[in-house]
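For reference, the structures are reproduced in the following blocks.
Each of the next two complexes has subunit A plus one other chain: subunit B in the first, subunit C in the second.
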Partner chain A sequence: MEQFASLKRSKDGQPVRYLMVDDSVFARKNLARIVETFGGQVAGEAGDGMTAITEYDRTNPDIVLMDITMPQMEGIEAAEKIVAQHPEARIVMVSSVGYQENIVAALQRGARHFVQKPVKPEVLYEVIKYVLGEDGAVAHAAGAGA
Partner chain B sequence: MKMKLIQPFINAADAVLAQGLQSPMSIGNLSMEQEAYRRKGVAALVAITGDIEGRIVFDLDPETALRVASHFAGADLPESDDLVRETVCELANQVTGNAVTTLNDQGFHFRVHPPVLHTSEHGPISTEDTEALVICCETDRGSVFMNIALRYNVPLSGDLAAAAGE
Partner chain C sequence: MTQFSDERGAEMRELFFETAQELLQSLNEEALKLERNPADAELVRSIRRIVHTIKGDAAACGFRELSNAAHELEDALTLESASSHGSQAEVAFTAADTFGAMLAAYRRKGKLPSSAPLAKMIRELAQQPKGKKRSKKATRAPVAPAAWTEYEKLAIQNAVSRGKNVYHITTGIDPHCAMPIAARQLVLNGLAPSAEVLGARPEAGSPASTQRLELLVASERSADQLTALCRIPTVISSVVVEPVGAAEPKAKKAATPEPAGNAASPAPSQHAPSPESGEELAGVARPSHTPMLAENILRVDAERIDNVLNLVGELIIGRSMLQQAFTEFARHVPKEILRGRFSDAMAFQSRVLSDLQRSVMKIRMVPVEQLFRRFPRMVRDVAKQVGKEVGLVMSGQETDLDKSLLDVIAEPMTHLVRNAVSHGIESAEERVRNGKPARGTIHLTSYHHGNQVIVEITDDGAGIDVQKVKAKALEKGLLTSEEADRLGETEILALVFRPGFSTAEEITEISGRGVGLDVVQTVLHRLKGSVDIETRVGQSTTFRLKLPLTLAIIKALLFRVERRLYAVPLNAVAEIARARESDVHQVQNYEVLQLRDRVLPLVRLGCAPGSDEKAGSGKIFVLVISMGERKLGLIVDRLEGEEELVIKALDDQTVATDLISGASILGDGRVVLIVNLPAIVDRHSKFRPEQGDSMVSGILLSHADRKNLREAPAEARL
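Coming up: the complex of A and B.
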């Protein structure tokens, strides 16, 4: 898998911490492998929206990658509840269902961005950079470009 | 079942499988299912409700499922591994989600339900209302079968009828 220049937190230079929310173990593992190529760290995982809320409180991640179609509580509702409690939460919806209404509903209810599955690592990388804004920094390896 | 409804599924399977397996995919065979559905191996079912209702079964023989799942996992998996079944479910979810996205943008409204593992040997017999189309997608890891049975839930008119090719 392609490697990317590491994305770090600006405030302390530590890896960006991610909460993965998807009812598919396969999807969570796949996303974990992708964010590791960005220099990221998995802070926690959840298989449904309800667990995502408690895992957010427990792990306080920098980024949440949230599926939409899940049992018990869907991703958009979970995103709304997390943002109500934590307005600073950065939630990126990651779903195979990417039609306009879904995207608009997610953004209106607090998500910062939307990425359609199958996830292209280069697309997710740019979205994460955008969503982190000034709170993220690209760490160039020593000697890079030599 | 009109080809305009089916084409998004073919395109989505091509996008998901070709990107995921990093090799081209081709359509090997396309046939109408006349008899009860018979599972080939590891199968995942995704139900769709809305303007068009039905289900898509994504079915791989056990050896192909193992090769595909091992490719995605980046390691050789044992046949009994839950990740093999998880992989088939997620691929079914991605293909259906992408196809439904295209159809939604044409004016149809759907809800996609989470994929479930299809464990029974047989499915229901196709009827005139729910014709089943079987599409064989050839990949370099083996054949991936999509069994698609959809029916119109509401009478189509205007733009929807045009989109469906009525």
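Coming up: the complex of A and C.
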């Protein structure tokens, strides 16, 4: 596994907390393993948009990784609803190439960024760093991943 | 597959295989629904979602072929999601099969099956008329730096007059970014709060727009600040911001492409980092949260659970040991004060142990749905093959069953369902002729009944003609004519489970049953379950599978026959009757007992008392066993009580008779043999009185054993 310099929250030096939203357990696990190598923590998981909204309220994560296609409520709608409630929400859409227009729609509705499936850790790392902006800090001293 | 080390990779792949199986199952289910409602766009979307997930997961595992095939299918489904055809369902079925075969090949690292037939179907699907038109503006997309229109020039002047700086921003889109349109949107989003976009080139959707984006913006920010805003990692590889007729002195700022992946380098500051804002943020109170619940579901090798269950079994034996030792202890020192404390502690331990046992067993339980869900597709396929209309109704899917049982009955169930479709249900014409709906129905249901799980397969077909079965059995020599007269309907129906009762061709004539039914029965008996048939000619047939909740631990009734200790599952015992030898009557060489208003056939497990013994006055116990519809009395010498037994399987070398199905160890170390009731019932039903009475009497012990036993001292342990 590649090693990354740990990304921490700049305000308290705590791990960045993620909410994973994807109807595939596999995809969630996969993302979880990747963000753990960034020193991140999984705050919650959701298998559909509905749950994503309640999980967001419950866990108040730093980053949401949101799949586009899901049963019950699609990622776009969920992203829109979350952003409406929490304008500060950092939602990164995760999707395959075929859904570009949906990504655009999601970005127009408040998603912050997107990554393409299959997710490349180094790409996701850059995206997260960007999306966190000054709320994120790279921990130089500690070994990556913790 | 480069993302994970080998060990992790293997783990992820295993997870993938499991989830993929579930996805394929859902794919089948949705395709079935789509076949029924071809116009339902929501179903097409749902199928696409499933295929999409398979694609993504497969790609993450590095299974490129599968991912590509799924990708093509997903695209094809996209094209005509509104005006769908029945063929979509067909493609989905083929896809489920092909993907399944590919998964199997990946799993055993074998050669991949050809996906050519699927690819062909997908192509055909994709070629169906579609209204998708590519943007025609492609040709006029400018390659040279954008020339702004009159209107845009006006906007520039307007902005300048308002005191804004106007910039011409050229961003190169990262060639690795596969979603340039989204990238474009991201840039626009990034600029939106601090800049007004006056114009954009090339137009969205044109081929050139996948490489770069030129913007005309008005802003109060400096060129450097705008450059930072546009420099979005992973999507934008270069940014050039040039002032257009504004007062900003800095002419050019070219940003070097940022090396993606060089993660160790500190992030370039997007904005000038201000310490105040950092503090402000830190000061904002956020509610604290309990640290993460990462994954609630654990996938564990079944073997590990079996190990735990085995240990629990040993503990249960240990508990009996302790209890017996305590009883003895209490007898020795009745006045000991510590007795009460011991007894309390043991009661507590015993309660916890029971809970533990229940909890472990619960881990092994899975809903029958896991088994049922394969049938809709199968019924559809078989029905199509034989050209019938058959619907499937399922209920009780949530009933829990031991996983190991579930796996074992999958095969016989498949067999029975297949039979029901191909032989049980009549052809549409015949059904209509008989005043039934043309579409046949198969009903699968499952429920708990006492300590058993019942699974029923019912078809509303022609039923089984008992007379024909009887005739067939006579012809095959499985039955003598007197027996045929004597046997009840249930017994005759049970004949179809006899090996060699019939072969496929022959059975089709007699209402179409019996193909391999002996196998079904063998499996059920091995599981200490049973199968019986209920049929009404012209109306329906039900095959009822009865299964124990679990294989590992049974509540048993212990008894002695000829000084040896045996046990039967308590749930098979309907009643215990006391009788005297004089109450046992002989009817046609069968021993029977008049029990209230019915005559109970008897099986004598031990040897009949010789005339020299206290014949006629000896007390006996009769265990009334109910197996399906049949009741049978077992004559035993003495009852020993109830006990929870942890069954240890016996191999063939240990026991020479099929009448014993297993053994267990009691707390005091005694071995108890578990009587295989189905085999005894079977033996009884095959018994021919005219061949002498040796079979029903004293069947458990051979003559040699019995002789040894007589010579052994009376206080033998067994």
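Note that the second predicted complex is superposed on the first by the 137 of 146 C-alpha atoms of A that agree within 3 Å, B and C clash if a C-alpha of one lies under 4 Å from a C-alpha of the other, contacts with A are read in each partner's own complex, and residues count from 1 in each chain.
Here is the rule we go by: a residue touches a chain if its C-beta (ideal position, glycine included) is under 8 Å from a C-beta of that chain, and two chains touch if they have at least 3 such contacts.
What you are looking at is a predicted structure, and each value in this text was computed from that prediction instead of being measured.
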First (subunit B), second (subunit C), both or neither touched by A:56: neither
Which of subunit B and subunit C A:24 touches, first, second, both or neither: both
Touched partner set for A:41, first subunit B, second subunit C, both or neither: second
Which of subunit B and subunit C A:69 touches, first, second, both or neither: both
Greater residue coverage of subunit A in the superposed arrangement, subunit B or subunit C: C
Subunit C-contacting residues of subunit A that also contact subunit B: 1, 23-27, 29-30, 33, 69-71, 96-98, 100-101, 116-118, 120
Contact footprint of subunit B on subunit A as seen in their complex: 1, 23-27, 29-30, 33, 69-71, 95-101, 116-118, 120
List of subunit C residues in touch with subunit A within their complex: 3-5, 8, 12, 15-16, 19-20, 23, 46, 48-49, 52-53, 55-57, 59-60, 71, 74-75, 78, 177-179, 181-182, 184-186, 189, 232-234, 258, 260-261, 263-264, 266-267, 269-271, 273, 277-278, 281-282, 284, 286-287, 289, 291-295, 297
Subunit A-facing residues of subunit B, complex: 15-16, 19-20, 69, 72-74, 82-83, 86-87, 89-90, 93-98, 100-101, 104-105, 112-115
Sites on subunit A touched by subunit C in the complex: 1-2, 4-5, 10-12, 17, 23-27, 29-30, 32-34, 41-45, 58-60, 69-71, 96-98, 100-101, 103-104, 107-108, 112-123, 125-127, 129-130, 133-136, 138, 140
